[in-house]
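Chain naming follows the written order as A, B, C, D and E, and within any one chain the residues start at number 1.
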Amino acid sequence: MADQTMSGADALGGVDRIRENYLAMARTRRLYGGLMLVVFIALMASGFIVADERNAGGFWDGVLNIFDFPAEVLSEAREKIANLPGLMVKFLPSLVETLNIAAASTLLGAVAAVILSLLSTRGLARYPALIGVFRRIMDVMRAIPEIVIALVLIFVLGGGPVPAMIAIAFHTAGALGKLFSEVNENASLKPLEGLESVGATWPQRMWLGVIPQVAPNYLSYALLRFEINIRASAILGFVGSGGIGYDLRNAFSWGQGRYDEVAAIFLLLFLTIVFFDQTSSHYRNKLVGRV
Amino acid sequence: MLELDRLTKTFGGRTAVDAVTLTFPKPAMIGVIGASGAGKSTLLRMLNRLSDASSGRILHEGRDVTALRGAAKRAWQAECAMIFQQFNLVPRMDVVSNVLHGTLNKRSTLATLFNLYPESDIRRAIDILDRLGIAEHAAKRAEALSGGQQQRVAIARALMQDPAIILADEPIASLDPMNAQIVMDALRRIHDEDGRMVVCNLHTLDTARRYCDRVIGMRLGRVVFDGGPDELTTDAAREIYGADAGFSEAATSTAIDALDRPGPAAAVVAAV
Amino acid sequence: MLELDRLTKTFGGRTAVDAVTLTFPKPAMIGVIGASGAGKSTLLRMLNRLSDASSGRILHEGRDVTALRGAAKRAWQAECAMIFQQFNLVPRMDVVSNVLHGTLNKRSTLATLFNLYPESDIRRAIDILDRLGIAEHAAKRAEALSGGQQQRVAIARALMQDPAIILADEPIASLDPMNAQIVMDALRRIHDEDGRMVVCNLHTLDTARRYCDRVIGMRLGRVVFDGGPDELTTDAAREIYGADAGFSEAATSTAIDALDRPGPAAAVVAAV
Amino acid sequence: MAMAEAARAPADLKAQALRLFARKRLLSFGAPAAILAYFVYVFFAFDIPGLAERARMDNAAILVSDAYSYKTHITHDNRNGGLTMAVEGENKGTYPKGMIPDFVTMTGEDAARIALPDGYAAEIEGSTLRFDVPDYGRIVVRVEGRDIELDLPTETTPDWISASSSRVDITTPGGRAIVTRARTEVYRYRFGWELFWFTLDSPFYGKSVGELASLAVSDQQVRPGVGNLAAMAHDFWNNAMWRHKDVLWAIFETILMAFLGTMGAALVALPLAFVAAANFSRFASARFLMRRFFDFVRGVDGLIWTIILSRAFGPGPMTGALAILITDTGSFGKMFSEALENVDDKQIEGVQSTGAKPLQRYRFGVIPQLTPILLSQVLYYLESNTRSATVIGAITGGGIGLLLTQAIITQKDWEEVSYYIVLIVLMVMFMDWLSGVLRRRLITGGGEK
Amino acid sequence: QEIEEFRIGILGGENAQDRMTSNECVRAKTEEMLGVPTKLFTPADYDGVIQGLLGGTLDMAWLGASAYAKTYLTDPEAVEPVLVKVNVDGSYGYHSIGFARKDSGITSLADMQGKVFGFGDPNSTSGYLIPSIEIPQVTGASMESGAYFGEVRFTGGHEQTIVAVANGDVDGGVTWADGLGEWEDGYNSGALRKASDAGLVDMNELVEIWKSKPIPEGPIVLRKALPERVKLEMVGMLAAMPAFDKECAYNFMAGEALGMAPIGHDAYESIIDARKSQM
């Protein structure tokens, strides 16, 4: 019943060939798909088994006790619930320090990231020959976890907020630098050429030609980073860099008797994180929506 | 035998379809026309059970379709295929897989989740594609096809369901005149050759006149015209569209020969 | 007095501009025409020192411009303004700031980074915008303007540089005929009133004929025509464009009156 | 000429433009000024002036020099006699009997001469130490009963010697010597990571690359019954000083935590995201609860989850993996549900109109739309979780993070610290590369999984 | 009832690798004796081991007295002390030592008034619990920041305290030592000795400013729920170890010791009270 005007397949050697080709393709695809699924499941399963094996407690034994510890903390916190507001006030300065570390390091890191990203974007770079070098520098900065730098710096500079600030700023510069340079790549080069034709210097071209184009995206990424850095800064407190993480660790570590402190600090930290998370995602949506 | 009995749909306070009563004694090619918002899409969606009727009934071979639930409802949907204005294909999947979606209702959930279709289905899918002249694109992703080709894939999916009824909601509204003709020809041919009932929402009078055996005109949710294509005069059209004397049919035409007509029509075609 | 001495530019193996030797004894309005790829843009970019010449020299008032480096090169760029086909403004900045960019070379980098332009510059910028008839848009963002307005902002930026020479690379190619005329009129007026030299790449013969004092024709990087606008006959044009007898000038025209001519020209104008 | 279109007088426009610039100037000074003011505040809040005082640049010097050099200890036990020579003074690096470093000459049973660089030299004879410093002279330190006597060529004690009656410490660019009543020790510094390949007890120690290569291909077995290559691999793998085996295991554990955590989180988050997505979830309250749940598990950091879980699961990589899993369930849940809210309904309706069952609807109407976003997010997190796993490991998990923090905290094994840092950087860069490759292949290439 | 594996937790103080190395022979012997796979775990801090014991994921550990007290107070049924190390001189105990930099001019707690004081880990007996009780008895003021000392901080561990004092990060701090031998050597054993041996600090530059009463050595604890047979076998093996494998005992006990003596919960009552008083 095939209508000649509609059947384009005949010209190409018949529907049979198409069918066989498709079936063959479907079979290989099914095979690869199946294989990938099997490999993935095998990886997950064997990974799970190895991790379970190398862990002190087994997964299945532990799952039932997962709430033991939280329950212990909560029950004590509930007993001493009257203490919580006072404790929260007591730990406020630590929280401020944590936030300061995050803010200062985000600012420092972002400034470095802007410069690094401009230096490592094709078409914008001051020294095009060195683009690769700056990219590798950013890769390495990004790859080093903050905790490594912080611990090493604590040895040299002593404990306190500064090692944490430097460590986070260092990592931030690498991480934001990569994102920024992706943004830069989408910037139009036309305004730059226009500025070049009037005899503008490199900083003028960057500041007047590129930054206005990319600023909203920069800002949006920087806000996201700030959010991440609040956590990072709290974590570094755990290894001796001051701030709220330090108090949390000591309270947690001491255990029974100070679980009210744990609860208070935890609540403080959690509320802060959620607060900044929500505000920043609100403003990020606004910023990117405007572009 | 398909019957609509005082079929009504209200959205909040608005009545989109208002007590539509229609009888289709035997499979035919039926065109539904009406201004934007007249309730054409809503009517078809109720027929396919994509939306539930607010009141009234749909009877197919004496069975109350409106009352079906769960698996029975899905079986009805499989029997009554739907073709959409925007094709509603899965763009990232290849053409044959899209066509095979027409068999989802018949095959076991588990097998289909892993893309395991019987080989016979695959063969049939390619036959259908061949019938519609697009077998050579079988292995491409749907998104890589032109609009007309995508709509033919959608028709192929509908045919794959082996339905008693094919519902088409403005199948040619996103297509250029060339592709519109190909798609309408295909639908007509399906009706002629397979004897399936085809219900087709249309924006344009001349398409309805040219392809349909019976035309239903809707306005504000009500059926205001029901007759053969020859009865569809300009006056009847004015009535359906609630238009004044300035109404010119050519302004909504998508038929290819409209291009050859003189006057401003050419410019309007490009804008459609 | 501007002299080009065997100016050559090669990209890889390709010669884009081939030993161009030209002398401009006094400021004039000069049109450069030639087919796409003839080397017009490359020539202008070398003049502005946006790209470096592969060999040959550019002499301005006896000074070798090709040899300038660093600050001296930027000072030359300030003296020799460039206008681009795509305007090359900073779209997210306001019009006055874009015009003030013309002073970047004269002001300290630090001051300009903080938007510290002298008040007198701002006043002058507005005067220039006023002269070009777009002062009222001064506070808008450049991207909010139409193409013709943006090109006038670009001209204002060029004037802000107070240059001896203005180079314009197909300044009207992205504009509709109406705006094209406004922009060309403005350039001509600048030449007439300020006595600045204007070198203008053009795609269209009639524009060159109408506005320029001297026309230079390029083909494959070489100068194949150099003479007054009246010498630019159809034969000369065929020579420049390497076109066969089928060459019709109207096909590339952007002059407004071309709209009134009969034939397919109208359709082509819309496509430009 | 259309230049007369100016509707307003230029004077007005000028005033307006000047106001505009006044505003812009305020902003372009205001923002940097605010940031600067903030930095000034931070400068004092973080006590940076005091920091400059407290900073221990000599520690930095130790750190740096230790990172790329090693020291060999020549120790004399002043109570019981006997000389021992050991790399880094560690048991595992002790020279076996009959083997001495090339710069030591034995001059007696309990006496040795130690050549130091740049003309420095030291000689241990019983409990007496003679230390020659060029341009200064010979320092003699003797342990006499309960006291330590110091003989200097000059009247005053130079500041590079720290001496009390019970301890003398000589620190020079050529080497270092410490004498207490218990023992006399001379340190000689050398460039490199000693014993990195083979420890002293391995027959392959001290061989050049060429020698090793020729050994590898020769049939003459250094250790009978084992092929040379296998023996080399064994000795390297079981190197007691650098413990390559444990380190590699630790790296593997870290990647394992990241992998299990990320993939597990994606699997858990996917169905939950449907509950939180407005267009899939019928119950507003369930949606709200699910969202708050996502916020909660995300807001509590992975590190805190590690601590909470350490009670139930104890130390080890499973705890770390679960902590990552829990945190990222929140992150993924949020992202996936946002992606779900942006899916195109047309495709779902298309599939639904064929009479597809709900699961099939999700599988064909939703998942294909979601895969690109899902995959790219998951792969991005996989990379970033490798770093998190390092941090989490430092607290309870294990893995390279634990080795690293412990090595840093002991504050002496800086060469190991640098070894770990290099490995971590390579590991993270590798995961970064891998996730980039997978992203490109899976998303742009392969189409539907 | 039977066990499937035996898990030993090891407290911090050394490089994780070194801790594994020092305890490797005990692990091998345990595995051989019990016939089940035996593993070592080295969490980063005291709390990691304590949580493991409380959760039943660790079977044995050598705790500090205060850490034992915490375990007991949280769950009395979790672990029981079985053995304690006996010093060469027959005593079992050590001291908490307060120290400062010599060039700071601080020679006693009296000079520390208004200065910065550093504790180690909150679960450490000598690094926190004992000094936090005994020092107020000397100074007559609480250990709150600002009460007597200008500021009181936790550095995180003994090693960190020593470096913090050497860096001038804190003016004085507490750590542990056996109190035997010479100050200049950093005593015979303890954190100071290790730091000095590592060249990290020059003992000439440090002075002792305070010394606690003897602190009972921490116990080796076993999980209470372990089968009796396993407990007996473990106790027997550890107690006998100095006799049949000197080197293993030396490594395990981190230095010379007379041996292991049985001990029970009662010996730690006073520490538990002390800890309670801090809660």
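In this text, a contact is a pair of C-beta atoms (placed from the backbone, for glycine too) under 8 Å apart; a residue touches a chain by one contact, two chains touch by 3 or more.
Keep in mind it's a predicted model, so treat the numbers as computed, not measured.
Asker: Which neighbours do subunit D and subunit E have in common?
Answerer: Neighbours common to subunit D and subunit E are A.
Asker: Figure out the least number of contact steps between subunit A and subunit D, where 1 means they touch directly.
Answerer: The distance in steps between these two chains is 1.
Asker: Please indicate which chain is farthest from subunit D, where distance is taken between mean Cα coordinates of the chains.
Answerer: B
Asker: Counting C-beta pairs in contact, does B-D beat C-D or the other way around?
Answerer: The greater number of contacts lies at B-D.
Asker: Relative to the centroid of every protein C-alpha atom displayed, which chain's own C-alpha centroid is closest?
Answerer: A
Asker: Determine the centre-to-centre distance between subunit B and subunit C, using the mean Cα coordinates as centres, and give it in whole Å.
Answerer: 56
Asker: I'd like the Å distance between the centres of subunit A and subunit B, where a centre is the mean of that chain's Cα atoms.
Answerer: Distance between chain centres: 48 Å.
Asker: Which subunit D residues touch at least two other chains?
Answerer: Within subunit D, residues 54, 56, 59, 307, 310-316, 394-395, 398, 405, 409, 411 contact more than one other chain.
Asker: Two or more other chains in contact with one residue: find those residues in subunit E.
Answerer: 7, 9, 41, 45, 47, 51-52, 55, 57-58, 156, 160, 163, 167-169, in rising order.
Asker: Hunt down the residues of subunit A that sit against at least two other chains at once, touch-wise.
Answerer: In subunit A, the residues touching two or more other chains are 33, 54-57, 62, 65, 68-69, 155, 158, 160, 239, 252.
Asker: Judged by the touch rule stated earlier, which pairs of chains are there in contact?
Answerer: A-B, A-C, A-D, A-E, B-D, C-D, D-E
Asker: Under the stated contact criterion, what part of subunit A meets subunit C in this complex?
Answerer: Listed in rising order, the residues of subunit A that touch subunit C are 188, 190-201, 203-204, 207-209, 212-213.
Asker: Please give the residue numbers of subunit D that touch subunit B in the complex, ascending.
Answerer: Residue positions touching the partner: 346-347, 349-357, 359-360, 363-365, 368-369, 371-372, 447-448.
Asker: Along subunit C, where are the residues that touch subunit A in the complex?
Answerer: It is residues 48, 50, 73-78, 81-82, 84, 86-93, 97, 101-102, 104-105, 109, 112-113, 154, 157, 161 of subunit C that touch subunit A.
Asker: Considering only the defined contacts, which subunit E positions touch subunit A in the complex?
Answerer: Going through subunit E, the ones touching subunit A are 7, 9, 39, 41, 45-47, 50-52, 55-58, 70, 73-74, 121-123, 153-156, 160, 163-164, 167-169, 278-279.
Asker: What does subunit B use to touch subunit A in their complex?
Answerer: 96, 114-116, 119, 122-123, 126-127, 130-136, 138-139, 182, 185-186, 189, 193
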